[in-house]
């Protein structure tokens, strides 16, 4: 149990290409896996949020991991998302993925119901005590019950099989708090960030790596950022981090997640197909505009040709322009118009339900 | 298409009794169904949030509706929760439940991912245009993507098969906005509230009924509240509404949802079994304290005997006392201690993810 | 100390007319006071949020109450907003307003810093023990530290001089919780709502009245709603409540608060002048559009002539249309575009500051 | 207009010592100023949130700046908080502080009312076009209307006198977005962070300095962190940043802000006096416990002697322990118990008010 065994590097939370009929596009998925590995990602991470695990059936989720494990053939480690409807089903998935030879599983905290830290602890403790394979906690509080610092600490103390946390909160002091709470007793415990917009500073304050959706689109860039940061070339790293924020913001905020990432992967030469969540005709038009913007951003880094009508400064946004054009999209009636509203409505209702008002 | 066909009355979002091994306890479920119908509920609503639909497998959800439809045998209408992993799977569930003769299905907005109004519309429109059975929209913004007023209006206009909305936000002006937006064009459209703490005033401003978890515990009381309110006996109704707030708050805020309701149903004579979400030993102790409190509250209405050690004023809380004792529970280390924290962490992370900060 | 002495009825949180130079327009304020009293408001409430108390100097706040007290001349009771920079200054204001003969003061919970319930209690307890005049607690959690149910109960028990709460949360179960917590021991304690969109149902579940910004624009309508509700004419009251939601939403959400109310008061024949918060040129254009919408809504009730270019159905919104046109305004680049965003940014930052992430 | 003129380094947002009667303790304030300058702070920042500007009168705020300007006597630059009730009063304060020779003023966005970006822009534009002195925007979204990225960019373009932003959101990608939006056109524009828990990484991604409350307590430590980070000694800097998170969290979350900082300044040898916000007797007891914890933390760095009863591991918290003991404090009835609750209630109410539910 030492620092050398820690999970580290950039794991790609991979997208799932679909056929015209909406089924898993196995050949394209295999081609995508090869492409990612060839471009330097340190590992793969099927059945994450980027992989839309909730929109597949139990059988499909298993099939996705089977394909990826088979195609990877040991070249890089695999972190397999294993969350199912309840503890019993989740443990069955752990067993199955262990049989496929993946390095570890990642398990998101319970979602839909928002659980207390005590319940989150009880849930992961039962898994941690019974899993046949290493477990990565997956903290993504915008979608699932949060895993707070004391809970991570307690879980790191109860269960040797719990070996890492992937944190998508993007909160830097929170990461510092987890590291100082856990590392003294568990030098083998790994801290991964899912928040691409702060990857460089998170690595600098002690993270071991990341599971970053951007690496499914620009694996060369995230790898370079990782290498430069660890190599102490901070001026060069900082500029890449700036560019990554612009690209990440554009993919994340100008379409429903993960459609912006799917659109960008199309531009890298893959046929991602239509996502499983239906889009209105307005949304489809928005996606086309977004695709042009993304093509210009990718062309900027040599990852795509410019679109035929060229890239004006307005098409290649600086970060603030990206935010502004996001506003502009909104103003033309796009689906983003109420994204904050609905987030907040969620809290509001939850709070009323819990009598906090 | 007129007001007479509207879904109305109190539908019970029924709990699911489990065996010691965690399987569906079919005989107890059948006994529970009879008991509810005999005590005056107007309908049943399996696979709602109270019924923990996300914690069952696809097959179990179908089995639950089969049992309830069989046992009900047409005595009351059934509203069957039909949300599955994606539109295709949801439509298959609609077809199956239609074949069982249920009155309508209820479909919660997409969850985990928080979708924009445009996506929520696209999702329900595709369902509304293809469903073989009447659909009730289910708006529960604390758990799922909100369905906002313009979206409800548009859906009521696109799709005749969409005939109702169950709204669990508890927000009164929001209900008024929906009613004034939809009713002029769709007099047959029904508005149901899932927020027991405001049932009386919501009925008074125009709701047709409710799907209220409390009716699974005190069906006599919710029925009486409904009848008194519609009969214009407001002074009597108001007092029952006050009492219901105290009972509801206690069941809702002093345990993870729906464990407080399960504990209270036990006190009414059912063997609900252990829920599917594991509890820590501290949480189990809290449940025992909560059970005493609930027993006193139920005894107050003649629905249970007092516990052997009696009910001090401290055990029978006024509403504010209930809130205070909730605080007290918290202070003794219970699982509630961070309920708000985790809610808010969710928003926070979502917002950061969406670049709103 | 009995129920008969309770503050009750509709108190108008009055706007302050300004001159072209931005000073208090005393003659117009006096004319406005007369107009309100003649149209049936039960009381006046200077230095509330509607009255923009934070944008005036200490001396101006005193002058506003002096003018209103003088002009009212005892015809209706006055509730004077008395919050100043700290307890000592607030108590000085209480003394001064007592000397002017107002019925009571209203004191908002501390703002800017968000205080815990313990601090909110300590603040009001010190005021409650030293005030020479009756105090109304003012709970407006969107702007100031919330006053929660146990805090209201404790304050009602410590301090006889604390005689009422004005609650602008609009949360109905919250009001029920306060009433059941306080009324048994303090039958003289009054509950007023500041949330016009739920006035009727709040009166029906036990409120004594309201301090409603709408009553500064359509005092005839709020008075009628109050009288019909108390008189048990619920069908007629319900329709007025529906209309009031549409009007209130339009005034509240289509401009910075309270500019929508100021625009509507202009349409009732007053010269409100320019508010103290600067507007961009875009915002000024939005205000002109809003004014047309408001004129049509007021004309609908006979409170204004139609604008010269008439009122199309698009100009006279149903409630949902109002919400939609709000969206439309947003889409044309108005100042509303980020209202939710900034609210949420506030929480986010607060939470990060408090380490909740 | 070039990068060399940028505001940079650590500005101390200084606390205000009070006498037993609650007045400004001028001799102690002068002694505190000398002590801070001798320990290496790069500048002083009176009338910030740490300085409780809202709890002083207009006259007192001016007196505080007079004292500090006089005592500093040009040794370090002064950034004077200048926000008053409205634009006109704020501009008067700018003129007065300019006459005292301060380097710049800092102006918080409008608070109480939560304004849209358009209104925030209009407010600062009017100030920026009329101020006789350089202006630092102050973004503290937990307390005041947020200043979003496009607004900062527009203000940087409209107004040369606006030369910096102090951002207390602590959000790292947000800082990156601001820098990439503003720096190309305004190389002289400075970015300061008010979020001590992320000072090192914020400096590493491009910030010019900070206004950090911790520097009023441990000026030696924040200066050392600043120097090590800029000097590229990242391993040493990282450890100090970890320690600073623990200290900062303890001061920030275990008492009402800024009372934890006041308690720690007492331990450094100053008589801060009683704050202007009253505390309950329970809160006073909590402060005594907190003081012991802080003394141990300070002793750890040689900034204080250990308390007479010593420092057990329980008294010297690791970060997660600090969080846990925060929970413990909560459980013993402290004032922190509802800090999140009240934050969220704020949003909730705001949202309801804005019709977002």
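Order as written gives the chain letters A, B, C and D; numbering starts at 1 within each chain.
To be clear about the criterion, a residue touches a chain if its C-beta (ideal position, glycine included) is under 8 Å from a C-beta of that chain, and two chains touch if they have at least 3 such contacts.
Note that the structure is a prediction, hence the values are computed from the model and not measured.
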item	value
Most distant chain from chain B by Cα centroid	D
Type of chain A:chain D copy interface by residue overlap (half), same or different	same
Centroid distance [mean C-alpha coordinates] between chain C and chain B, Å	34
CA centroid of chain B to CA centroid of chain D, Å	45
Sites on chain C at which at least two other chains make contact	141, 148, 169-171, 173, 177, 195, 249, 323, 327, 337, 340-341, 343-345, 347-349, 351-352, 355-357
Chain A contact footprint on chain D (complex, rising order)	148-150, 153, 170, 172-173, 176-182, 184, 195, 197-198, 200-202, 204-206, 232, 234, 238, 241-242, 245-246, 249, 318-321, 323-324, 327, 341, 344-345, 347-349, 351-352, 356-357
In the complex with chain A, residue positions of chain B that touch it	22, 49, 54-58, 85-89, 110-123, 125-126, 140-146, 148, 168-171, 195, 249, 252-253, 256-257, 276-280, 282-283, 323, 326, 334-356
